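A, B, C and D label the chains in the order they appear, each numbered from 1.
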């Protein structure tokens, strides 16, 4: 952002712009995912049309929902732990905003450019576990207690495969900086042919699959949605929430889905860049300026593609039982990702 | 097609439902604008043809939910043939059906010996107040025009006069 | 997750539960048990059933359903009603397959009077009986998915069930409560074009079964959730009086449509009774899926051979059933539903014992839910497939 | 099918006669009465104290492994009728003679159970009298575990005690419900509360001519 807007903006204006950009980068994907996938695609998959009343083809449905939730009474259960009950949804939402800070959208269009971007991203993504656990515990309701404990077990169990899957990418890209990973993917070549660059989804396919499964589990989506098992726990840790707090949880859930899809497209699908060889670019500095505008569009399309897969799996599969879920994480995902790291390391050294 | 693992086939099913809905349209009807016509024999509401009714109380007696209330009185009607004795006819004062209690079993329509009660497939008569569900005799008369003709019977069915 | 591994795992779970219930609760870990009320307003129960479960962590130490929230006192009501009024009342017991409730009651009354419905009425009765079975069990297949977390199957079930309900409404006038059966035959004949419409709908139903099989039954997650869960051995199933698909899933080859001679047209179509040796939740769901396919075949064959003739036997307008007692039970969608009608020769039955299938199917739940995980309670209840009106009468 | 030809003509239904003879062999004179409707059904009445013994014989010796149901019948005609009497006129007298059904019986309350053989596809209706003073019967649970819920329902509906039943709580009715609804002397309140709309009140012709044209 800094180069784009020249330097006449004082520092506070730039950070204000960054905050605005961050809010848009989180809420916009959340809104589009909810409308396109949750309302429209799910209904079309079930041979119905979905909401059609609010606005043309139900486009205003999301605002109607937000309006409905806002005017609903925000109840705190009588024996709940009041303070913790209130801040739980905010904790989950902050972890999403922290996550998006590190995602690059274009050669100069990024919020921050940490050297250890991936490390920061993995650390911050586990903050939402705390939010869900205290939400479950604080609402003094047996169902949400069960939901919260299940969520704690599941999210921690699936963080390990996510981390290990990302390690493969880091070995191949050689850097932890997300901008660097995007560059490595778009300039690298597979066995000398650089027509398509080297998107890690091809060379790191196993890592990609494990990462997507772990993301599905992090978002507590259907094959792994024991914490919000509607048929047993009513709605898990969110049972006691209503009104604005439930809206925060709802936004957090889909915003995290959007941000994880963004991160997955950065790590595996070559982020904002198109293979540089097509434009004859060599490094970061000679990428043209219009890329700063086209980059975010490419990111959004890749994000929509990945969240299509996430939502498609969500609407077709039944739910794991949580001991099968844990067994699947520890006995299958972790060993496979370790093997994947070993192979990547060997191949990295060989070539 | 090779024996795909169940998981992939499951995804296939949802995908081609998606394709089918986008191409051939959905199975749902947008109710307030498009309306699905109920079949001819649908039991929506009971219609009363008042002049057939001789307040013989058979329907009120055979209703399981006790939701038909009839009051009538006797009158002298002009004789059929000139100079004949004036006929004594039961005149109907009140014929209410309380649709809040009625369970649409159709015993009254069947048991009526004078064909005064008919079924009509009308279904949009919900009321904000439950008391308005007590339809009186002229409201039941209004339903008379919505009563359709009895449908043609399947081949091989024996013709019989029952409605 | 082969089923043997889950069977060992199941025995191990039962051992843990036994341990927990004996040592009252695990003292060293100071975990005190939690009593969880599942229901009466709960998404997993088909209506208002409440399950009181004492948990040790996620495992059920003791569980017992408490019903009665939907008790309408049918047997008392039948004492003050005439026969047509009871038929209108009785199809509200199992409200999903409601035509199937009227048939055994009317057959019992006809047996007492010693008359039989004309062949055409018997034929159409069997067709409508099988249509209400399809309507009932196809909803089960969809609902099975929702209980286990998949949202899509239930919409497919409702979409294809709508065609069957429209058929029933076209013929009888009522989608859910047809009230079409009379002592001695049927109220009316089929409307024109019913036969070809039904044939088209049966084709739709068959591809609905294939879709559900691909989407749900083939799914490895579904199989790992249902294989080896809630295993009911054959003799326990018989002892508790389980019936219908729950019994056939434990390997008992017994179907009331084939094994007794009723004045209906089942023997005019050739069809197969499906059984499954395992007796676990997967077996019960699988047997029901095959039964829906079998019903569509029965309906197709019966549609070909509807005899022509009267729809109603010679029956006086006011029916007084002679004194006597009769028991008739048929293979309803939920299991064996039977009526023991005692008549003292006046307008209505003197006493009617209504033996409904789900009452026995659910009486096995306390035995079955020992040492089971919380999510498996829902799987077992979904596979036993009961309807609350059937339990509470 | 179940043509009600006089019993003598058709050769007796061997299957069901065999059942009755088998039971008589095992129970001896505890089997009080039996009735066979050829090709239809068989009713058997045992002595009250041989109720569990009959179940054990049926299940273990004669192979009736499928438990169908256990219930009871109250043979006293209801003193309230159908609740369709005109409150203005005196209540019509009703015959309250107690006439039992098939296979006889002396008492007002009578147990009724049915068990079936899942292999021979034939069922038996078993009855036994329940004395009016001490309405207690042995519980069938040791023989058929499925009888647990049925006996709880019969207990709360008819007031019949079951010796040996682990927890005889109400299954449908709330715990503090007094009275046994399915007994005939228990009024059906729904029909007491509201006057019957079927009572004919078409006033006679004005002008008071004598013929009482009250449509029945």
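As a working rule, a contact is a pair of C-beta atoms (placed from the backbone, for glycine too) under 8 Å apart; a residue touches a chain by one contact, two chains touch by 3 or more.
All values derive from a computational prediction rather than experimental measurement.
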Seminar exercise, completed: More contacting C-beta pairs: B-D or A-C? The answer is A-C
Exercise. Which chain lies the greatest distance away from subunit C when centres are computed from Cα atoms alone?
Worked result: A
Seminar exercise, completed: By C-alpha centres, the chain nearest the middle of everything shown is C
Exercise. For subunit B and subunit D, what's the span in angstrom between their mean Cα positions?
Worked result: 38
Exercise. For subunit A and subunit D, what's the span in angstrom between their mean Cα positions?
Worked result: 66
Problem set entry | Interchain centroid distance [CA atoms averaged], subunit A/subunit C, Å | 44
For this session: Indicate the whole-number Å distance between the mean C-alpha point of subunit B and the mean C-alpha point of subunit C.
Result: 29
Exercise. What positions in subunit B touch 2 or more of the other chains?
Worked result: 7, 10, 13-14, 17, 27, 62
For this session: Return the residues of subunit C touching two or more other chains; collapse runs of consecutive numbers into ranges.
Result: 81, 152, 156, 159, 215-216, 219, 221-222
Exercise. Hey, which chains are touching each other here?
Worked result: A-B, A-C, B-C, B-D, C-D
Exercise. Where on subunit B is subunit C touching in the complex?
Worked result: 5-7, 9-10, 12-14, 17, 27, 38-43, 62, 64, 103-107, 110-111, 119, 151-158, 160, 162
Exercise. Which residues of subunit C touch subunit D in the complex?
Worked result: 67-68, 71, 73, 75-77, 79-81, 111, 114, 116, 235-236, 238-241, 247, 252, 254, 259-261, 263, 324-327, 329, 336, 338, 340, 342, 344, 348, 350-351, 353, 355, 359-360, 363-364, 367, 392
Exercise. For the complex, which residues does subunit A have touching subunit B?
Worked result: 41, 43-49, 52, 312-313, 315-317
Problem set entry | Of subunit B, residues touching subunit D in the complex | 55-57, 60-63, 66-76, 88, 90
Exercise. Taking the complex as given, what residues does subunit C use to touch subunit A?
Worked result: 1, 34, 36, 38, 42-44, 58, 145-152, 155-156, 159, 215-216, 219, 221-222, 224-225, 373-378
